[in-house]
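Labels A, B, C and D are assigned to the chains in the order they are written; within every chain, residues are numbered from 1.
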Amino acid sequence: MSQAGAASHCITGEINDRFVATRALSEALAAPLSDADATIQSMDDASPTKWHLAHTTWFWETFLLRDHVPDYRLWREDWPFLFNSYYEAEGARLARPSRGMLSRPTLAEIVEWRTHVTSAMTPLLDDPALAPLIELGIAHEQQHQELLLTDIKHALFQSPMGPAMWEAPGAVQLDPVDAITWLAHPGGIAMIGHDGGGFAFDNEGPRHRVLLEPFALADRLVTNGEWQEFIDDGGYRNVAVWLSDGWAWVQAEGIGAPLYWREGDHFTHSGWQPRNPHAPVTHISYYEADAFATWAGARLPTEFEWEAMAQRNDPDAGNQLDGAGPPLPTGGKSFFGDCWQFTRSAYLPYPRFRPAEGAVGEYNGKFMSGQVVLRGASCATVRGHSRASYRNFFYPHQRWQFTGLRLAKDA
Amino acid sequence: MSQAGAASHCITGEINDRFVATRALSEALAAPLSDADATIQSMDDASPTKWHLAHTTWFWETFLLRDHVPDYRLWREDWPFLFNSYYEAEGARLARPSRGMLSRPTLAEIVEWRTHVTSAMTPLLDDPALAPLIELGIAHEQQHQELLLTDIKHALFQSPMGPAMWEAPGAVQLDPVDAITWLAHPGGIAMIGHDGGGFAFDNEGPRHRVLLEPFALADRLVTNGEWQEFIDDGGYRNVAVWLSDGWAWVQAEGIGAPLYWREGDHFTHSGWQPRNPHAPVTHISYYEADAFATWAGARLPTEFEWEAMAQRNDPDAGNQLDGAGPPLPTGGKSFFGDCWQFTRSAYLPYPRFRPAEGAVGEYNGKFMSGQVVLRGASCATVRGHSRASYRNFFYPHQRWQFTGLRLAKDA
Amino acid sequence: MSQAGAASHCITGEINDRFVATRALSEALAAPLSDADATIQSMDDASPTKWHLAHTTWFWETFLLRDHVPDYRLWREDWPFLFNSYYEAEGARLARPSRGMLSRPTLAEIVEWRTHVTSAMTPLLDDPALAPLIELGIAHEQQHQELLLTDIKHALFQSPMGPAMWEAPGAVQLDPVDAITWLAHPGGIAMIGHDGGGFAFDNEGPRHRVLLEPFALADRLVTNGEWQEFIDDGGYRNVAVWLSDGWAWVQAEGIGAPLYWREGDHFTHSGWQPRNPHAPVTHISYYEADAFATWAGARLPTEFEWEAMAQRNDPDAGNQLDGAGPPLPTGGKSFFGDCWQFTRSAYLPYPRFRPAEGAVGEYNGKFMSGQVVLRGASCATVRGHSRASYRNFFYPHQRWQFTGLRLAKDA
Amino acid sequence: MSQAGAASHCITGEINDRFVATRALSEALAAPLSDADATIQSMDDASPTKWHLAHTTWFWETFLLRDHVPDYRLWREDWPFLFNSYYEAEGARLARPSRGMLSRPTLAEIVEWRTHVTSAMTPLLDDPALAPLIELGIAHEQQHQELLLTDIKHALFQSPMGPAMWEAPGAVQLDPVDAITWLAHPGGIAMIGHDGGGFAFDNEGPRHRVLLEPFALADRLVTNGEWQEFIDDGGYRNVAVWLSDGWAWVQAEGIGAPLYWREGDHFTHSGWQPRNPHAPVTHISYYEADAFATWAGARLPTEFEWEAMAQRNDPDAGNQLDGAGPPLPTGGKSFFGDCWQFTRSAYLPYPRFRPAEGAVGEYNGKFMSGQVVLRGASCATVRGHSRASYRNFFYPHQRWQFTGLRLAKDA
């Protein structure tokens, strides 16, 4: 499922190599776009490409250059107002719905700023004391690379012309998927959260114990073909399988299919393309994922079940299950890289969680209400960015991300 | 804190006594109200008194009389359309915001229907096979007794006249509260959920194990006086203590105090009355509760922490902590009866939860998204209705219920 | 068309007789209603019956008793806040959408106030200096009598029970209407506006000259049967006959028939009743009236054309047409009394119009934007209240009044 | 007041010269803008520059080339869907709020289309049978030139950067204005509407008689300095001078000054510039204009008063006043060219008005509800486009056009 482009890149190596590669990747993703393409904003939830390129640059200038390079002068005094996202500690900022009004500065001017800031970062890259902040900056920019891709997809979708930002890859002949094999887990006490090796966001810790009942996860994601069966069976009109909020959303918005579906096609970064029934379904909301699982006689996994199973399938992750058996033979198949996978877990702090001090402490903690956790990674996630403890989160009605689902059941 | 009236009633005894007493209490609560009082609806979240009286009667008629009394004829053929709340399996129904348009039927006609239905229930009360459904009906009506009280309070509050539905009780001289004593819990594996003795809602089970880290709960609720300190310290204007959604809510709605506060007074069922600084603060949203806890250097408890501690303070509840020590000397002081207490837990199904078959299965499960769990009971909860495993739930912005908070911290 | 009740009353005679009769009529109209009926408010545009009874009483107390009876004490100090409608000069007042929250004071308390105020007015009724203000008060109360009827109709309509406030009159057998006869007018300079004899609102003057081109008016109103033809011909789906704003309204609101239509029935003060095809169509918006006229190859009249023609048919009105011929033989048939008749004229001030000084000057002038003029009178207008110069006005989307149309064409 | 650019161009001469010059002017106006500038849309009422360039080209292609050039092939089959504005007869079209999503086609592609269409029009320009339609097309494109300027001004205003699209002209030293001189008119029967010489829109006719009472108009527009006096006198907080709808608008939107005012500056096409107190005030709504006039003890003119006076000051217009005297010595000073001038007249059809047949008949008639008439022309109106009978129209709350006012009074 190569709808998006970040996934084909794998960013590894030393921190300074990864810094440079990450900066370059952002620019490469925007390369097929005109200044106008990079300016438009299709909804409040999304941001223009140009804004993502600038905001990630603001991050480096604000938290690294300004604070750690003596006498550093801001590139433009008034740009922080434009490109701060939500950091209250960093002052007032442009209202989010107005980001699409920034025809100025131009894309070329933003890229010029990027070049300057990337270069200005050089002396800081070898400072071990700054490594944690630089790792955060890299991870932050990688997150915006994924958002850049999902946001521009939504923007291009608005046009009845069905514009493409790159050629469709040669047709991939996907084999029919097999029936689901259930990966059983015996339950017990699992260690959840990041184990401290390598970078992680603050919301992935502290690592702690969670008691699991026996359960099983599907060995693969739900496919477009299976989703079509749900539609054909009247799934969107059958109130009995929906959460109350989900049913209200379906009624109010007139929902009857995943976002971007149109007859046998779906909208991609290469415009309208035939939909492959064997590919994982994507661009669904939590409400839809939950309804499908109910219809299928299954349920969504908790984020802890997901992580515990992902650890078994990712022996390098360094996580340990308490009393669990050896990794399953089917390995980590599709745990990472196709779609973010909905869990039924609300996005809440782990025991003893404390946000970091200062503005960067606004990164995660303040969003811990009303959202649901998604695990894994998508085709738009840069390789190397994902890990078993990674917690993504969105509101239950949102579906412009590459979201899918893996079924779970009680064992 | 005797703002409301249900709490002073204690309904116990055999099932038929409790049925009759519950039916009578609903009518007693409405007794101070005119037909017009009982008709008005102040917001979509609330329902008219008359509607509560009728809906609880519809419940008995629909799920007991219609299904279990041979040849039972509905009192009025068209009333189920008016008084079904949200049971999709029971067919179409009046849109919720239109409940306030029902000047007909009159309050007297509803009471006449109530009398008929209460009487018609007599032959069913001794049928052991129906006891679970009757227990559900009693619990259901008790829930609506609390809603009746909170909804009419909100309705009367809309009038600038400050109307009262009963006389203010003689001034209760509350002693100043002591500083918080922290009730420590060693953590470990706790049994959570209803143990099967007596009635419980389906969402209280299945009983299952939860692993807790060591923690401590405050021995009492946060008071009006402490909340005033939060206000005086600029709590409502300090973005740093708010969840992101909470801050957006505060800004959009212009929130600066709990609902019903006005200078030194607060609105009660007896109209505007002086506010007692030593009484628990109430009518706050989840966002406010969370912000206060952050401001106070504490946090909200999880629902599991709350239940585990409540069990220690309620030895009769039949719940057992795995390896926990003896009940704390301070007992269950204020665990039940003042205010519903916010937890930081999202309202989600317990492991292996399955909704009941049929329409009554719509009671709880379909609401398991977007809401937070509150524990305990309030001054408006009928005595005997609450228990340690009870899970109440509301959206994070709602605050017309008697909601308060108890602080928690890591041990 | 006896849907409403005010029309059957004719209030004439000396000012004090008319005052007493008007006060009594308001109470008679509310007599079939319970306190709860009189409390509910179905939309922001409408007010509760109780509020109309109180507001008209506030008018007398505020503008007559308070200002002209020495030492008059307000009945309740806080009621003016509740029952002022929109008179900014009279201070703050309850927000309009909250009028439906006034279960207190009760209907009986309002009637008690009414009795007191009616009685207290007695000494003022013979004061010639106050006669203009008293005439205004009578006319004001008569306007609210019509609103009371249209507002309670809309409120009762909200209930799926189809409640009635009085028995349906015995079936009136209406004869089929004849084809339209066009009443021709030669044009010329007409005198428009009230001529100074008897009471008129300030917006009916100053009397002034208007130049008319030759035109013709239909001798009767459009009927339900003709409207059905419009529907059957796809009128509501044919964009070509609609004003742009009207088409947007039809689409947004899903309009496909007059308000209160349901299959062959329509909702009345006597509940759902069969619709008579020969009766004038009513409860239509300006947009609908305009679309019908376009569909019919005709147009709506201007308010000046209407008034000039009404004068010819109302020789007692004292108005004179410049150079016009004798009254037409068909007389004033249906110029007054069935439905208010839409004109294409915007509600604007006449040349040299000046609002009255003080609070009563807020009666008309400040509403002179965005509304359209209706002429005539309806079945809910009290007899004696209407005249050829009378200008009623509503927004183009509103249709809860008894609104209809008479076609016009160029001669 | 050279804020905008169209005004400095004067397009005269033969029809083919005017066609070519008009096409060229549209492109010249957009020349300072990037593709991104030309893509953004700041509100539903406004359109992107690119869209104006394309829509005016669609007009020629649809109504001239497609219908009158044998075998003409549309440039792109799917562009009519994008660039039809509101012509229902021409089929479905992109929703107006989505115009800002058209990053494709690019500005360069639109200009290429323009060149093609301009060239393709050559053989039609000499066909006398098409002259009326070509004149309509020229007038249509000129209207969009003004909208292009007002829309891009609003778009650039959204950016906190205060971007400019051209250099500020050298400071113009405006002399202080004199006190208003009142231009008296004796009243009588005036001929209103276009007299048939040269092009006019259908809404300017039919020419007809209107009876005027004696009146006077100010000899100049209200200035920024006078508007500042209104503000300083509390005009925006004084409910007594506002129409009811206007007051509601002021409250809801928090209005306290004309659009684009900020302290002593105002926003222009050259960014933020000092405001000249002697220049006419502009960017006000009808509500503001009416409130100012009331505050000043005057009123707004009717559109008929304005036209009658403009004729006296424009003896070449070919219009004749019935019995009026010679032109006033102060001439047509500022009747055209500074700001569109609000009248108190609603936008309604003249007697015997009939829209044209076919799609072009949707040009004017269907907008004749809810809007007010403005007369004159603005600094953004191309020279040669305005005339005494010209009727512009907007909703009473809109103020992104160059709108101002001239006071009137009864004589």
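The rule is simple: a residue touches a chain if its C-beta (ideal position, glycine included) is under 8 Å from a C-beta of that chain, and two chains touch if they have at least 3 such contacts.
Chains and their UniProt names: A, B, C, D = Iron(II)-dependent oxidoreductase EgtB.
Source: prediction; values computed, not measured.
Trainee: Give me the set of chains touching chain A intersected with the set touching chain D.
Mentor: none
Trainee: Based on mean C-alpha positions, I'd like to know which chain lies farthest from chain B.
Mentor: D
Trainee: I'd like to verify one number: the distance from the centre of chain C to the centre of chain D, where each centre is the average of its C-alpha atoms, in whole angstrom.
Mentor: 37
Trainee: In whole angstrom, how far does the Cα centroid of chain B sit from the Cα centroid of chain C?
Mentor: Centre-to-centre distance between chain B and chain C: 48 Å.
Trainee: Can you check how far apart chain A and chain C are, centre to centre, with Cα atoms defining each centre and the answer in Å?
Mentor: Spacing between the chain centres: roughly 60 Å.
Trainee: Residues of chain B that contact two or more other chains, please.
Mentor: none
Trainee: Which positions of chain C touch chain B when the two form their complex?
Mentor: My answer: residues 34-40, 42, 78, 81-82, 94, 98, 100-107, 155-156, 158-161, 163.
Trainee: Quick check on the complex: what are the chain B residues that touch chain A?
Mentor: Within the complex, chain B contacts chain A at residues 86, 88-89, 189, 208-211, 213, 239-240, 242-247, 286-287, 290, 344-346, 348-349, 351-352, 366-370, 396, 410.
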